[in-house]
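Below, subunit A partners subunit B and then partners subunit C, in two separate complexes.
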Partner chain A sequence: MSAILEIKDLQLVYGAGSQPTLHGVDLEIATGQAVGVVGESGSGKSTVAWTVMGLLPPGARVTRGSVSFEGNELLAMSAEERRRLRGKSIAMVFQDPFTTLNPCLTVGQQLTEVLVERGLVDAGAARCEGLRLMDEVKLPRASELYDAYPHQLSGGMKQRIVIASALACSPKLLVLDEPTTALDVTVEAHILRLLAELQKTRGLSMLFISHNLGIVEQLCSSVTVMQSGRVVEAGAAEQVLRRPNHAYTQKLLGSLPRLLKPATPAPGPANEEAPQAEVIEARDVSLSFGGRPGLISRLLGAEGNAVQALANVSLSLRKAEIVGLVGESGSGKSTLGRCLVGIYAPQSGEIRLDGRATNPRADRSDRRIQMVFQNPDSSLNPRHRIGEILGRPLRLVGKSKREADQRVKELLALVRLPETYVSRYPHQLSGGEKQRIGIARALALEPEILICDEVTSALDVSVQASILDLIKDLRDRLNVAILFVSHDLAVISQISDRVVVMRGGRIVEEGSVGQVIAAPREAYTRELLASVPPFISEGLSTARAMAGA
Partner chain B sequence: MLASAELRARPRLPLPLVIGSSLLLAILMASLAAPFITAFDFDAMDVTARMKAPDAVHLLGTDEFGRDVLSRTLHGASTSIGLGVAATAFAFAIGVPLGLLGGYMRGRLDDAIMRTVDILVSIPPVMLGLLILASTSPGVWKAALAVGIIYIPILIRLSRSVALSLAQEEFILAARTRGEGLGWILFREILPNALPPLVVETSLRISFAILLGAVFSFLGLGTQPPSSDWGLMIAEARPYLEQAPWIALAPGVALCVTVISINLVGEGLRQFLDVRSQPGA
Partner chain C sequence: MAGYLTRRLGQIVFTILAMSVVIFGITQVLPGNVAYVIAGQFATPDQIAAIETRLGLNDPMWQQFLRWAGAALQGDLGTSMVMSRPVGPLVAEALGRSAQLAGVSFLLVALIGVVVGVVSGVRAGGWFDRVALVVTWLSVAMPQFFIAIVLVLLFSGHLGWLPATGYTPISGGVLNWLSHLILPVATLVVGLFAHVASLQRASMIETLGASYVRAARAKGLSERKVITRHALRNALIPTVTVLTLDLGILMGGIVVVETVFSYPGLGRLMITAVEQKDLPVLQASVLTVTVIYAFANLIADLCYLALDPRLRTGHAGVR
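And now, the complex of A and B:
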């Protein structure tokens, strides 16, 4: 089998005088083969994809090496030659289907644009070809969707359209840059299955870029692991994932959250015989958004299209307990968290603290509930120093400057960061460090309840593992009750004592980790579990057998 | 890793800020030191020396009344720059808080502010100025006030749009959950992040304010003769452009240099305020 793409000793620099981003990368894709490139942020994996596509940003310069496609050197080609190659022979699927499609054009126009523009089909035949492509990516009701605009489609449908348009000119090589990262897990599973199928039926070669070691196995026969611009390990998927040689691959695999460590119930006070009293409880909470249309629409008699975000949801947290709240986007899991903190006031139902009903929005005086936010880049004010960010909650409750400074040092130690960070700005910290600051800020006033809203979803896996560790450790040391909101069942199963599954604003299933994951009662929970890549859910079958016994 | 002392150290001043502020300072100093630079009073007329070309006695020549152009230009500097800065400061002080408030609070309050702005911008600026100035006796400070009012909507719109996008950030949500008051959120959380575009706009506004102030002076509603500002000087020199171009040239060049140096200060300030460009990034 000949190689369709061969990258040899590729070295690349962004901007003169800076350190190379790629240090001699080698990669080979045989015809009809799918190769996964895995690495954390900053590993240079996307740069490899852009080099192959010829889409490098200005200032990037290849200083050494070669990239050949079907034996032709890509780097020696003129811009025009490469443009002709793009789409026709090499096509790309981008990460975020929500921004890849042009919101002003219909799905059909975007799908067939490349065909019409290259004169492969005339405008009349375009529709027919477009429908055929949509059929191939298994989009239902293709003739209806053809004339729809992107905003009318779900994320998964959009990504199918993006894939279909990449396939329009029957390329030989498909470059996929994190094609499922922006999607829900169940959707991700479907898209991966579709890609695997397309690879077989079309005999496509694929370059699959991902940060997630767990999903590459489903699609790729061989895997290349990258770290800081170097290939640290490459080989058959089976070998790299099961018998990794390099320490970095082992570390990555080690920090990958696995679904349920079977038969070891998470230790913690919550598992003791007598259950602790509930510290916070949501009772029959309902909330809907966007009910009121604008003045003019109301005059024209428009009805409000309210979205029910929460429908009679009840949930309770006990002291020192970690409850995992899992659900896909739109399930209402974040809304519930925000109701508990008091950002939203429920329209009906109540939030009870220590058995007494409260209005969390009005009653902020005790500040016993705090929140850690999802994105550490946006949750810290970029213009405040760390000392100010951590000290402010303390100053707000009337602590003196000296007391606050002292506590800030304690907080930094608590989240395992050096004291010198007080004078830094957020941008001088890494993503994981920023999230530690976010956690420290939430802990400043010694809350009893901590709401963690997708706190690891913006982080690399190895960083995620250390943050999960920290959260568990804080629970043990400070006895805080934690509501851990996440879309990732594997993460939830690692950290929680109890699991609550939400869908469409309702609680679908609730129970201990062992019960929900090993013996789910509801169909939706089973579907969620089935979407977890097999590599991550290994050992589950044995756990199921044990739970059944 | 950088030591904290290094991080605390003030970063180097950006070059545009240094150049711009030294130029501006030089102009203001020259204006104050005018009596020592020239031998002539700015309003001393000399009928025997009307419209004389620049020579050793009158370095920049004389105008149609025989007044020394250099003295008048230097004298006009403080009026012109003062008017520009005062007008912009006024617009900033009123417009930015309102814009931040509207962008952060949304809803009815935002509607009320923005519709008022719509009404204000629908009146042509010079008309608006005339309305304000014609109803009372004219004067340079009233001209500054009129220019300031005209510029309020621009600053409201800009600060509102910045606040609107910043209000979605999680650090604002974090501030709300810990119970911060409105003032803190607007001025300590949002404003520092809104400053870069505001500073650039403000420096532009000062330049435009000087020009608009000149328009009012030209219409007889701002600076009153025999006092002088650059706009008025240029306007008065217009009929003699062919015979005596130097009368308009001196204040014109001065205005040009001032506008450039103010813009340099704005650009420099923007760089200076950007924490990301500081060492350790």
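And now, the complex of A and C:
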């Protein structure tokens, strides 16, 4: 089999005088083969994709090596020659379908513009061809969707449109940059199935960029692992994933959260003692957003369009218990977390602390409940030093400067960061370190309840593993009750004592980890579980058999 | 869509009502009244009192307002207290002249601003961008009356190419009409195009960095297509906002420019009405500006709807 794409010893520099981003990368894709490139942020995997596409940002310069496509050297081609190749012979699917489609053009226009531009079809036949493509990526009601605008489509539909438009000119090589990362897990599973099918029926060659080893296995026969601009391991997917040679690959695989709890789960305090009293409880909480238009608009007959975010949800947390709250986007999981903290006041139902109802209008700044946010880049003030960020809540409750400084040092030690970080700014920290600061800030006032909203979803897997460790450790040491909100079932199964599954503003299933993961009662939970890549849910069937499901 | 328009028109009516009350209130707190102006410098208190009675200036404020509002609703905007001419034709005539000035200026501001902004944004850091940046800084830094005076000194004083003041209707010859319009228009355009240009530049740069533009390039579309089809329309959305604001500034600018160039438009009419406390004229001309601005905002919002499909509610959604 001949190689369709051959990258040899590729070295690339961003900006003159800086360190190379790629240090001699080698990669080969045989015709009809799908190759996965896996690495964490900063590994240079996306830079490889951009080099192949010829869309490197200004300032990037290839200093050594070659990239050949069907035997032709891409790096020697003129910009115009490369443009002719793009879309026609090499096409690309991007990470985030929500920003990849132009909000001002209809789906159909964007789907077929490349065909019209190339003169492959005339404007009249474009619609017919567009509908055929939409059919190929299994979009229902194609003729209706063709004239719709992107915002009228769900994320999964948008990504199918992006894939269809990449396929429009029947390219030989498809470059996919994290094509499912922005999607819900059930949607991800459908898209991966579609891609696998297209690869077979069209004989497509694929360069599949991902941070997730578990997904790569479903699509790729061969895997290349990158770290800091270097290829550390490459080979057949089976070999790299089951018998990794390089220490980094082993670490990546070790960090990957699996669906099954470790064979001997470290029993948390909640498991040892008699059930503790509930520290916080949501009772029949309902909340809807939007709806009430302004006074004048209402006088003039505007109608509301309320969205029910929570519908009679009840949930409780016991001391030193980690409850995993899992659901897809729009399930209401984050809203529930915010109701517990008091950011939102429920419209009906109540939040009870230690068995007493709280007044949602008064004193919603209860310092016994604290929150850790998803994105540490945006939840830490970039102009404040770490010392100020951590000291601020302490000063706000009237602690003296000395007491606060002392506590800040304790907090840094608690999240395993050196004391010297006091004088640093957030941008001088890595993503994982920033999230540790976010956790430390939430712990500053010794809360009894911690709401963690997707706290690891912006992090690399190896960093995620260490943050999960830290959270478990803090629970054991400080006896805080933790509501861990996440879309990732595998992560939830790793960290939680109890799992709550939400969908469309309602709780659909609730139970111990073992029960929910191994013997789910609800169809939706089963669908969620089935969407988890097989590599990550390995061994689950045996567990299910044991649980008698 | 019809419901939306009805609601917006309702809001406009409300705005006009509120505005007329505000103008009326302001004129009442101004010292002196129109009687002093009409009677002249050497009038006796008796003469002034007689004029005040004749014009009903001693009636309570709400009575004066209702009298004015009642007549205005029947299409009678009153009579100028000083010039003894019906206000309607007076304002209409001035408005017509100002509309020529403002209309030409606004079109040029939009055109030059967008073109300069787009070209600067697409070639950010290039020579055109740098020259444009210096020019826009200069034009923003100079106050309008200063620009006006420099232009007059240069083109009518020193070079003698253009008349310094006045207005000729287009029926008096296109060239003649144009020669009176060039300097005031230039003053307004120089003062305003920089807003549009710098905002258009920034929004163009931002849009060119958007994922969908990268995706369009990845499809192999030509750079011209990428810019005109994918970037430009999205980059125009913030420009509509600044153009609407500029229309407000432009109407303020007209007052200055018409005064400097002795251009007999709405701006000068307003200044005169304020000086003479000629309430009916002031009411009518300020309300005219209010109506124009209210409709400009409505048109701007309709532009948003045309440019950005996400704002079109009530569209049969596909889910």
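By our rule, the second predicted complex is superposed on the first by the 530 of 549 C-alpha atoms of A that agree within 3 Å, B and C clash if a C-alpha of one lies under 4 Å from a C-alpha of the other, contacts with A are read in each partner's own complex, and residues count from 1 in each chain.
The rule is short, and it goes like this: a contact is a pair of C-beta atoms (placed from the backbone, for glycine too) under 8 Å apart; a residue touches a chain by one contact, two chains touch by 3 or more.
Note that the structure is predicted; figures quoted are calculated from it, not measured.
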- Which holds for A:100: it touches subunit B only (first), subunit C only (second), both, or neither? second
- Message: Contact-wise, after the overlay, does A:83 reach subunit B, subunit C, both or neither (first, second, both, neither)?
- Response: second
- Message: Let me test your reading of the model: by the given contact rule, A:423 touches which partner, first (subunit B), second (subunit C), both or neither?
- Response: first
- Query: Is A:114 touching the first partner subunit B, the second partner subunit C, both, or neither of them?
  - Reply: second
- A:378 contacts which: subunit B (first), subunit C (second), both, neither? first
- So, A:343: does it touch subunit B (first), subunit C (second), both, or neither? first
- Message: Quick check for you: in the superposed arrangement, does A:441 touch first (subunit B), second (subunit C), both or neither?
- Response: first
- Message: With both complexes superposed on chain A, which partner does A:145 reach: first (subunit B), second (subunit C), both or neither?
- Response: second
- In the superposition, subunit B vs subunit C on subunit A residues touched: C
- Go through subunit A and flag every residue that touches subunit B in one model and subunit C in the other. none
- Note on the structure: Listed in rising order, subunit C residues that touch subunit A in their complex are 3, 6-7, 10-11, 14, 210-212, 214-222, 225, 229-230, 233-234, 307-310, 315, 317-319
- Message: Can you tell me which positions in subunit A touch subunit B when the two form their complex?
- Response: 341-343, 364, 367, 370-371, 373-375, 378-384, 392-393, 396, 420, 422-425, 427-428, 438, 441, 445
- subunit A residues touching subunit C - in the complex, by the definition given at the top: 53, 55, 83-88, 91-92, 94, 96, 99-106, 113-114, 117-118, 141, 144-145, 148-149, 151-154, 162, 165, 296-297, 300-302
- Message: Under the definition above, what is the set of subunit B residues touching subunit A in their complex?
- Response: 1, 3-4, 7-8, 169-171, 173-174, 176-180, 189, 192-193, 275-276, 278, 280-281
